[in-house]
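A, B, C, D, E and F are the chain letters, set down in written order, and residue numbers restart from 1 in every chain.
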Amino acid sequence: MNEGFSTALMLLAVGMITVFTILALIVIVGNILISLVNKFIPETKIRAVVKAATLGAIDPRKMAAIVSAVDIVTEGKAKVTSITKAE
Amino acid sequence: MNEGFSTALMLLAVGMITVFTILALIVIVGNILISLVNKFIPETKIRAVVKAATLGAIDPRKMAAIVSAVDIVTEGKAKVTSITKAE
Amino acid sequence: MNEGFSTALMLLAVGMITVFTILALIVIVGNILISLVNKFIPETKIRAVVKAATLGAIDPRKMAAIVSAVDIVTEGKAKVTSITKAE
Amino acid sequence: MEILRNLFEMTAFGSLFQSPETVLMLLIGGFLLYLGIVKGYEPLLLVPIGFGVILANSLGGEMGVVPENDEIMHMSLLEIAKNHGIMNLLYYSLIKTGLLPPIIFMGVGALTDFGPMLRNLKLAFFGAAAQIGIFSVLLGAIAVGFTLKEAASLGIIGGADGPTAIYTTIKLAPHLLGPIAIAAYSYMALVPVIIPFVVRLTTSKKELKINMKEQDKLYPSKKPIKNMKVMKILFPLMMGGIVAVLVPSAVPLVGMLLFGNLVKEIGSSTERLHKAASGGILNTATIFLGLTVGGTMTASAFLNTQTIMIIVGGFIAFCFSVAGGIYAVKVHNIFAKKKINPLIGATGLSAVPMASRVANEVALKHDPSNHLLQYAMASNISGVIGSAVAAGVLISFLS
Amino acid sequence: MEILRNLFEMTAFGSLFQSPETVLMLLIGGFLLYLGIVKGYEPLLLVPIGFGVILANSLGGEMGVVPENDEIMHMSLLEIAKNHGIMNLLYYSLIKTGLLPPIIFMGVGALTDFGPMLRNLKLAFFGAAAQIGIFSVLLGAIAVGFTLKEAASLGIIGGADGPTAIYTTIKLAPHLLGPIAIAAYSYMALVPVIIPFVVRLTTSKKELKINMKEQDKLYPSKKPIKNMKVMKILFPLMMGGIVAVLVPSAVPLVGMLLFGNLVKEIGSSTERLHKAASGGILNTATIFLGLTVGGTMTASAFLNTQTIMIIVGGFIAFCFSVAGGIYAVKVHNIFAKKKINPLIGATGLSAVPMASRVANEVALKHDPSNHLLQYAMASNISGVIGSAVAAGVLISFLS
Amino acid sequence: MEILRNLFEMTAFGSLFQSPETVLMLLIGGFLLYLGIVKGYEPLLLVPIGFGVILANSLGGEMGVVPENDEIMHMSLLEIAKNHGIMNLLYYSLIKTGLLPPIIFMGVGALTDFGPMLRNLKLAFFGAAAQIGIFSVLLGAIAVGFTLKEAASLGIIGGADGPTAIYTTIKLAPHLLGPIAIAAYSYMALVPVIIPFVVRLTTSKKELKINMKEQDKLYPSKKPIKNMKVMKILFPLMMGGIVAVLVPSAVPLVGMLLFGNLVKEIGSSTERLHKAASGGILNTATIFLGLTVGGTMTASAFLNTQTIMIIVGGFIAFCFSVAGGIYAVKVHNIFAKKKINPLIGATGLSAVPMASRVANEVALKHDPSNHLLQYAMASNISGVIGSAVAAGVLISFLS
């Protein structure tokens, strides 16, 4: 067989080995990660409050109120993605 | 008259002939098209359902329900342009 | 001291003088502007109506109605930023 | 002492004294802002253009567009940015390449409804006659000494369509972009003044009282459209085909307009594309088009007799286009039993949808029951195609 | 007379007679529009691509992408725009640079939910087996005379992922971009036909009745995830780390996908970025990707035997990928007590989320209580990573 | 065997062993993500920057920004993309050209309300004193060996304004962009720590109890503004005029800020432009600014003593700016009858609106009735103009 064909065979081997290795690693390390998170961060510690210097940002509590209101009205089918404060 | 002027006169002729021809064709072919569509596709056959692999797309029937609800509430003055599914 | 240091000293002087001058001018001219506007344009004369050739634009009066409706419903917490006319 | 001298050199005072005409340009920028903000004339364009003029004439700010030359045309964007600042970067990458007008046309298409045109298809024909202003002013401009390319760019103002005028000017006479864009958008904003003015000069009261709906009842002829959704999808494709075969150089403009319209009419399955074309993309393009067009208006590029002639020529082009549409209707009315209100011809120049609204108001003044908005929209929208085609002809012959 | 000759020269009639195959290309463009609009196959891509084909073949419109050559690669954008028009400007600045596919992947990431994959992490493994179509078709393409780079681009169609296929082709064989993109998106749209077809050939009814939920009850093993929010933030970072170390050339694709996903999962504090990535940026990129990919399909670039072989090869790649996933499950079932429905393997090729929906429907046909959508999504999403990794391998070895 | 060797060469292991400091950079990227995600410090910038750092240090991924050299500056974008990948394409077209900071400033302007500044115009003066940190750290940086351009870029961190710092650094010392941007945004996020720290060192409890509203009642002086809408439109134009004449090199920054503000204040007739400037454009620019700034932070560019000095110098600049504003108020209080709370001076450094909120909280701790948020906002916003002007001075003299 010619040069191209042997390279293609090599790519078949290297490619499938790599894909299998990476997805296997994702499964294994992912499971380890789940165990670690379950053990050390069992509850959410991420602060929802935006501390950033977002100019003119809306009060997060008001936002939560609006979002939940929309949620009730639409029975969870819609989601508020942005609210701009009126003057 | 100079060269530029004669070219300009030619452009006047060519331009107006072209514009008239094209709009005449649009009127004529448009009317033929209306007849053809009236004859062969009298009712809508375009499927409204999005078959695309749009990741996380909202159920089209639910979307229709939301859109019509908004339509009733706003008496047709507003239109839902996008809905994001809540988790 | 070296060349760089004397340039830096010069920049300190020039920079702070400029910043002070400009903010002082803003305060002074701003106050003059307030007086002038108070005297000559005490009430809003800007026309709210969009006269532009915005294709398919919504009737401004209807828009005002929608905006105020949303305002009442949301107690001013949300603002309508765009309305697309439904067919 | 040296500090004070350094201070002075940093400011624009020196250059202001050397070029006092810059102050005039700043006033012109302010006037455009006044027109856009206070008068409400095309604020979406005149505000960015006016602000761009002010930026361009803030001496030392490197925000004025430098005239193109052979060197710039071969520079990489990095070199343009480094040597001439961000305004030139934006101008040379977005405007000089001819990119933004077709992009804006895509957005215009995504906001256009061809329904009224389809319902009164015959009236679309009058969008052709209203292009006469373009070509007659071209002739006149040659007479007063403009080159062919400049004259064509001046004439296209009579197309009453901003992106078309800008696209044609970029291709043929980019050094006139500023005044031509200003004239185009200003006169589009002045359509409520220009149309009644020309109508008064050219029509009789009797003609203005022709009631379109009554004529429709007297001479019923129109085919009903059974499947509007399918028609709205096929119609732009058909128009695209006709234009592509006959005036291929109009394809970048007309093609993008029709693409924008297509993703609108297809409906929910391409709603994402429609939203982008008519929203974010259009608005972003408008901002940068306005700022950079304003940026071209430095004192040296704007303050000359050509600008004054463009202002005058543009007005004539508008008036001739309106009159062209009106006289085409008059000729039609001589031969046809079913009469058409000449106001339908007046809207053929485009300036959508302002022209139609103005025509409607004029008609209602003469007959309070004569609602002809939908009829006017037919020739009004066809005028957009008409002037894009005219632009294609000019570009095809002259570039 | 001269006017008529001028008129004729302006039109596209002359060139149409010289290249009648252009008419065939226009019909192909129309057919793609038909697929997108009427059949609803991937309208977000096939409508712009189809329209781009029509624009590219509107002769004289300067909207067809010219093949790359050494001269163009060294031109500034201004020169490309001046010499070749805006379609080439867009193609060479957005596509040829390889920019848009990673940008689109950022948007895809911002719309992806790794939750189902996390909940059934083991099933993600079957996204690997379903990449076999890529490499086996690469082999076959070599056999029929494609170069290595072309063969790899052809094979990547089997990854069932538009941006990945386009990115790989841009890097390896840009002259084949049009047909490969068309094939990739068309077969993704045909997944509801292809998966049932391959499933019928390779599986027994008994296998298709394997009920995932019952198996879960019989052999409970899964760890509950106590803090999904934190997991969803850490998981993409972990995946990114693994890919970055093992296949760094996949980083532009996978990295942008994970960035998009990260700003989504962080929540309200990066909502602005998430909204931009999944909305305006993604939609705008989709429009220009589609139009320019269509723009590459001029008659000379598309109408040749290579295109036909790509159409055939792409189909084989899809089938082999589906079969690869299915056989991997079968092998697993030989050794494991806890059985897996082979449909879970069939979804490993990606084409998210269509493949999962189809698998779910097939399963329900054989057992109305067998809702396996969530399980299918696990291998389905992992197939996206799988083919991006495969693309990285190919690019790393061949470019 | 050969396959294994090929496999190893494809991975990043080899290069990781050769440059172990890359691992440190990945940890720094992770730490920035931690600050943005978990601590909530400026997540809109620190998340993209952190992710960009990780991408840049994914060896073999071609996602690290290469230092500029004469060759790159003359390359076309196509050549940059081909030779250095998409991260360099984005960096050299969006950042190195200086484009994104003014674009972001347009968005900041479109989100800024000059109302509080107008209502307490006199307090705007204290935004000047708070620029002292910029120039004093410039002096200090010269002393420890930085060049003038580098020292100016370091000093500008004290302007407490991200886009200003980035713009100045691009113009003067682009090789320091990474650490300077990181320092600027990190310290802006740490303003709730820095302001109370400096306030404790420099003020007495008695001073902190000065109640602004009571002072207003005791010494009424303020003019009421009868027509706020008109004032809000004229005020930015006036500011623009003053800056344009005195420091034209600040025009790209200040001009775009004021343009964004103008389209906001005009109202509904330019709402489309306002929406684009403050939404899609700002968010898109933020994503690419963050990713590319992160992309500059390769191990060789970041891990050196200069970075540590920038971290230290930036902190000093912040503290000096806060103290400068405070002492200016103290000096004012010596001479004036109507006293001002020194916290008003502390907010002059900008970091809008965080600084004002922090000042308000500190005031309320000393006197629960002393709501000075609106007063603080006046000097806070004027600090944005102040540091942009300072940046203009530095660029004008040093570039």
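Note that in this section a residue touches a chain if its C-beta (ideal position, glycine included) is under 8 Å from a C-beta of that chain, and two chains touch if they have at least 3 such contacts.
These figures come from a predicted structure and were not determined experimentally.
The chains in contact with chain D as well as with chain F are C, E.
Looking at C-F and B-E, the interface holding more C-beta pairs in contact is that of C-F.
Greatest centre-to-centre distance from chain E is found for C, with centres as Cα means.
Each chain gets a centre from the mean of its Cα atoms; for chain C and chain D, those two points are 28 Å apart. In this assembly, the C-alpha centroid of chain B lies 21 Å from the C-alpha centroid of chain D. Rounded to whole angstrom units, the spacing between the C-alpha centres of chain E and chain F is 40.
Separation between the centroids of chain B and chain F, computed from CA atoms only, is 46 Å. The multi-chain contact residues of chain F, meaning those touching 2 or more other chains, are 6, 10, 37, 40, 43-44, 76-77, 233, 246-247, 266, 269, 275, 279-280, 393, 397.
For chain C, residues that reach two or more other chains under the stated contact definition are 14, 18, 45-46, 49-52, 81-82.
Residues of chain D touching chain B in their complex: 118, 121-122, 124-125, 127-129, 131-132, 134-136, 138-139, 142-143, 147-148, 151-152, 223-227, 229-231, 233-235, 238-239, 242-243, 246-247, 266-269, 271, 275, 382, 385-386, 389-390, 393-394, 397-398. Residues 72-77, 92-93, 96-99, 102, 233, 237, 240-241, 244-252, 255, 259, 262-263, 266, 269-270, 272-273, 275-277, 279-281, 393, 396-397 of chain F are the ones touching chain D in the complex.
Looking at the complex, you find that chain F touches chain E at residues 6, 10-13, 16, 26, 30, 33, 36-37, 40, 43-44, 47-48, 51, 54-55, 58-63, 76-79, 81-82, 85-87, 89-90, 279-280, 282-284, 286-287, 291.
By the touch criterion given at the top, residues 10, 13-14, 17-18, 45-47, 49-56, 82, 87 of chain B touch chain E in their complex. On chain E, the positions that touch chain B within their shared complex are 2-3, 6-7, 10, 37-45, 108, 111-113, 188-189, 191-192, 279, 351-354.
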